[in-house]
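What follows is a set of structures to go through.
What follows is a pair of complexes built around chain A, which joins chain B in one and chain C in the other.
Coming up: the complex of A and B.
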């Protein structure tokens, strides 16, 4: 499936993107020969039959693990290998935080269903969940700028993943934290609510079940019964959901990365499309497909580990 | 225990005795009156409807009050903050932001409604037909659905709509193409049990043609799900469209949508923040109000839900 999707994307990308147009409008104008000379060694010349281009590209991957070069000659392999970790740096922290906050709030509001705390938490969550990420991120940028002005020094950086020229262990950590705080906050703000709702409804189903009533009848307090009996079973579907979100960790948040100018996979994706970088586009698609497959496998493993009723024969 | 029946979950606390009506004055509630009564009891949902209606009114009636056209340039007011002359301020080329927000809201709403309608119809027909006919129809549609689930749809979306040159009709069509299959899969699962029901068998043995059973018997039975899907589809379509337009792959100048306005505003966010405030406020109100409506509808249409109170 992954191979099929990747190859299909290759043909689709050729149908919609045109690397030649990168060079046509140049000033001084390039002659046809010059353009061909630039494109041909990069396997991007549209005078070569499509099947031949495809074979050169495909055999390069299969035999040499070479995903090709961009119209300007940069290696796609290098770009992906470098950007993948920038995206992971941003998304890992955000995913961890939003999962914990979501589950915590879910447990809180399920154990006091329809009381004030639950209603307030649910009302907040439904609003934050539906704030578009663009608005949330830019709103945070405005807040941070106001905060920086009020304090008088730059606490939060609104662009980039790190400042140039920072060395040493602790300065690097502080610098990273200053850069990572805002994008993480934006991702958490719009993302935690889905786990809140999921955890709440799952836990409510379990609180009403017989074995939790049994635990209460044994003399456990409501808190103990929820923590030791209801929560454990209701965590299983949530874990599956989190495992499925792992592909997103590496493919990244396209909008967040472009707003905060993080040079991760999401930003690469935009760059490749707007620069007609066909090899790059296909690499992003293939990467996404592989990550989806890995996420599905991880979800299965998580269920086997957590759920004693599921046994691998 | 608490006795205020409106705040008690009857599933958790045991059903309080239903109020006994005198035999004479018992009235039957029609389905729609029941739904609307349950919906009206949900205050956030009603607030969502009110906000949404106001936004639609603003999009439709706003041009009547506009002093400028959205492509008109006022060279005496470049990057002006909100003033009596330009209610929402102007951008660096002298466009009136009020006029642009009105047009952008119209564009975003139009795309969202078209996409949500198309997605709902397509997913309902394909999902139920796949479940009802079974066999080859089912295999082919499921193959397509699963293939699209793995395919990098956002990438396709960006490439296709970038290629379209910013025509909103193409963007809407592409958005429908990449968003119908999740719903279709849910509907297929639901319809699997529906096709074994007696009324479907009865219709089949009476000789009703297959497509007619799908349209007249299966689809009305998942009607409430479709209504909810539609409202959630509006939210999703607005978000997808604004994301695309923000990145510059969607609606392009001179046409504007809320997303492209925010994209323009983001580049001058510290010097001219009003260019961000107004489109962002309109966009957030739109998505949040629709989500509240969807939430209220889900509670009102779901017979097992207790959140809407009794009856």
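Coming up: the complex of A and C.
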């Protein structure tokens, strides 16, 4: 499946993107010969028949695990390998936080259904869920700048993943934290609500179920019964969804990375498209497909671990 | 007299709702003494379950509870959840209705029993708790408890799960066990096992039992005292013998009159209670039963009658202004309920052999392949859902198929409805063999003659179609001119006892019994010869059920219909059927005229099945011997060489070695008086 998708993307990318246009209209203008000389060794020359281009590209992957180069000659392999971890650095913390906050709030508001706490939490989540990430990010940037000005020094950095020239263990951590705080906050702010609502409704279904009443009839208090019996069963579908989102850690967040100038996978995606980097685009798509597949496998494993009903006897 | 274990006084429960305050329980008082069993009977919505949940303190937070609940001298109402949790599962424990949903699916049964033990005794070691769990499982009759204790609930059958629930309820030697419809979701043979088990649990722990049920037979079987509830109030309260022998309140009389009896052959029509229970919102100060009561007087409408002692017995109390006039269900010389007329059929005078067959089934077989493998499904075996079933139904005749769930009754019906061609047999409907059907047109023609009524009156009607459209749909399908459809729908509505003026309403506006009547009207639309009824009354309350059964009886006579009736309730079958077949694991084990089979059951399985049904008469019920089958229905995937019933057969246990050989190696064929009464047992 992944192979089919990747190859299809390759042809689609050639149908829409034109590496040649990167060079047309340059000052001073490049001659046709110069452009071909630039493109041809990178397997990006549209004068070569498409099938031949495809074979060069495909055999490169199959035999040498070489995903090609960008129009400027950078190796796609290196780019992906490097940017994947930049994205992971950003997304890992954000995913963890928004999952925990979402599930926690879901449990809180489900056990206080229709009371003030539930209504406040729900109202807040509805608002945050509907804030576009761009607005959230830019809003946070403005707040952070105002905060920096107020205290008179740079506490929060609003661009980049790290400052140049920082070395040593603790200074690096502090520097990273200063950079990572804002994008993480933005991602958590708009992302946690989905888990909040999912967990709340699933838990509510289970709180009303017979076995929770049975657990209370055994002598557990309502809170104990909810925590032990209802939560465990309602976590199964939530975990499935979380497992699906884990690969997203590596594929990155397109808009957030662009706004905060993190050179991660998301930003790479935009960059490859705008620069007609066919090999890059295809690599991003293939990476995404592999990650989705891994997510599905993780979700299955999670269900098997949590739910004895699907274990094969 | 010692202080009762539980003493409830003037219990009231109300819930807020959109229509106003719902008074679900309106003043219930009773005592339950040690070792005694109190039965609370009533139909759905009578407040019996709410009463039990109020005692347990398990009602929703928005419920308002008033009155007093004293458990061993302590007031329970007004306690916090934390305080109540010390008593729940320890002093009072509860058995819920549906064993399929009352165990947490992700924990092993052992874990769930251990939890019930350790939550009340923190000093109990894990080891000791597990040992006790195994011990409890053995006590409730789970085979191989050492291994089964680690199983998860989905690995148990419904009856087994209910045993686990009872084990949990017994775990801490409670003084009071509340059982809320513990057997309603179970088959009769399992019901008999569970009722026995509850009695065992009571003997072991000396507990008081509160048994909530809608089944008068269960009450007669297990209860010492009975409360009949209606519209949130007890309307009659008495020791069990008095209640059945000297019923005073018209509603209790109606409940008893509405149930068919498995032990009596008389074909008297059942006495339904007309109407439906009132909504419990803003009840007027009048007898809540007045609108349905056949002997209502003006005095009934002036004030709600109090529950007072009647007949000079302090322990027999009824809430009826005319209770003193009523003796044992009769008012003077007349029964309280007028017995409805039953029209006699002209067909009944014609001998069975001379009537035309409407359905002939020969050697009906259905197997499902067992598949294995995740990508390429390999066939690893077959499930024989139905094995070589043959029968015929004549004009104006009702044939019933009975059996436990999983016995293949519904599969048989679906095969007939599907017009499934048989490899080595045949299905003939009014003389037309399904094997001869060529093309969709012939099939549609034949489909007019066979119609079906489903079990669930809620799920089988499209909620977004008006009743008119529901009933008219089959008419339009068979191409009736539009001008004729309207009058025909009115005629059908009238036929099933519904007001034709209501046919522009949606199904949601009708009660369960009325919806089932709509389902019947739809089935009759095309003037079928044969109506297939799949558990048509099992989802209905008894008082409503009687009305539907009477309707079916009447329609059969008026329209000359034949019924193929599938049910697990043998009392209903005895009442409605002319012929009956008992099905076990896909085959008929006994087949014949209904009275022959019920009065002289020959196959050990039929015997057990019949004896398992509690009779709504405490005197008869105490004298009856129940044959309690051990174990569950074997899985249909097992390969069985001989008689399928061997694993549970009580007769087999009494046979000597030589006689057993036949049971274990030879599949028994149906034998006996052909066409009248046959059974499939080597030794009967």
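Simple rule for what comes next: the second predicted complex is superposed on the first by the 311 of 313 C-alpha atoms of A that agree within 3 Å, B and C clash if a C-alpha of one lies under 4 Å from a C-alpha of the other, contacts with A are read in each partner's own complex, and residues count from 1 in each chain.
The rule is short, and it goes like this: a contact is a pair of C-beta atoms (placed from the backbone, for glycine too) under 8 Å apart; a residue touches a chain by one contact, two chains touch by 3 or more.
Not measured: the values here are computed from a predicted model.
**Student:** Which partner chains sit in contact with A:145 here, chain B, chain C, both or neither? Use first/second/both/neither.
**Tutor:** first
**Student:** Figure out whether A:221 sits in contact with chain B (first) or chain C (second), or with both, or with neither.
**Tutor:** second
**Student:** Please determine whether it is chain B or chain C that touches the greater number of chain A residues.
**Tutor:** B
**Student:** Per the contact definition in the header, classify A:306: touching chain B only (first), chain C only (second), both, or neither.
**Tutor:** Touch status of A:306: second partner only.
**Student:** Please work out whether A:289 is in contact with chain B alone, chain C alone, both, or neither, and reply first, second, both or neither.
**Tutor:** A:289 sits against chain B, while chain C stays out of touch.
**Student:** For chain A, what residues appear in both contact lists, the one with chain B and the one with chain C?
**Tutor:** Touching chain B in the first complex and chain C in the second, no residue of chain A appears in both lists.
**Student:** Which of the residues in chain B end up touching chain A in this complex?
**Tutor:** 7-9, 11-12, 44, 147, 150-152, 154-156, 158-160, 162-163, 235, 238-239, 242-243, 246-249, 259, 262, 265-266, 269-270, 273, 276, 280, 283-284, 287-288, 290-292, 295, 307
**Student:** For the complex, which residues does chain A have touching chain B?
**Tutor:** Per the stated touch rule, the residues are 1-2, 5, 8-9, 12-13, 16-17, 113-114, 123, 126-127, 129-135, 138-139, 141-142, 145, 207-208, 254-255, 258-259, 269-270, 273-274, 281, 284-285, 288-289, 292-293.
**Student:** Touching chain A in the complex: which residues of chain C?
**Tutor:** Interface residues on chain C, with respect to chain A: 56, 58, 81-82, 85-90, 93-94, 96, 98, 101-108, 112, 115-116, 119-120, 152, 154-155, 165, 168, 172.
**Student:** What does chain A use to touch chain C in their complex?
**Tutor:** Residue list for chain A touching chain C: 209-211, 213-224, 228-229, 232-233, 236, 306-309, 313.
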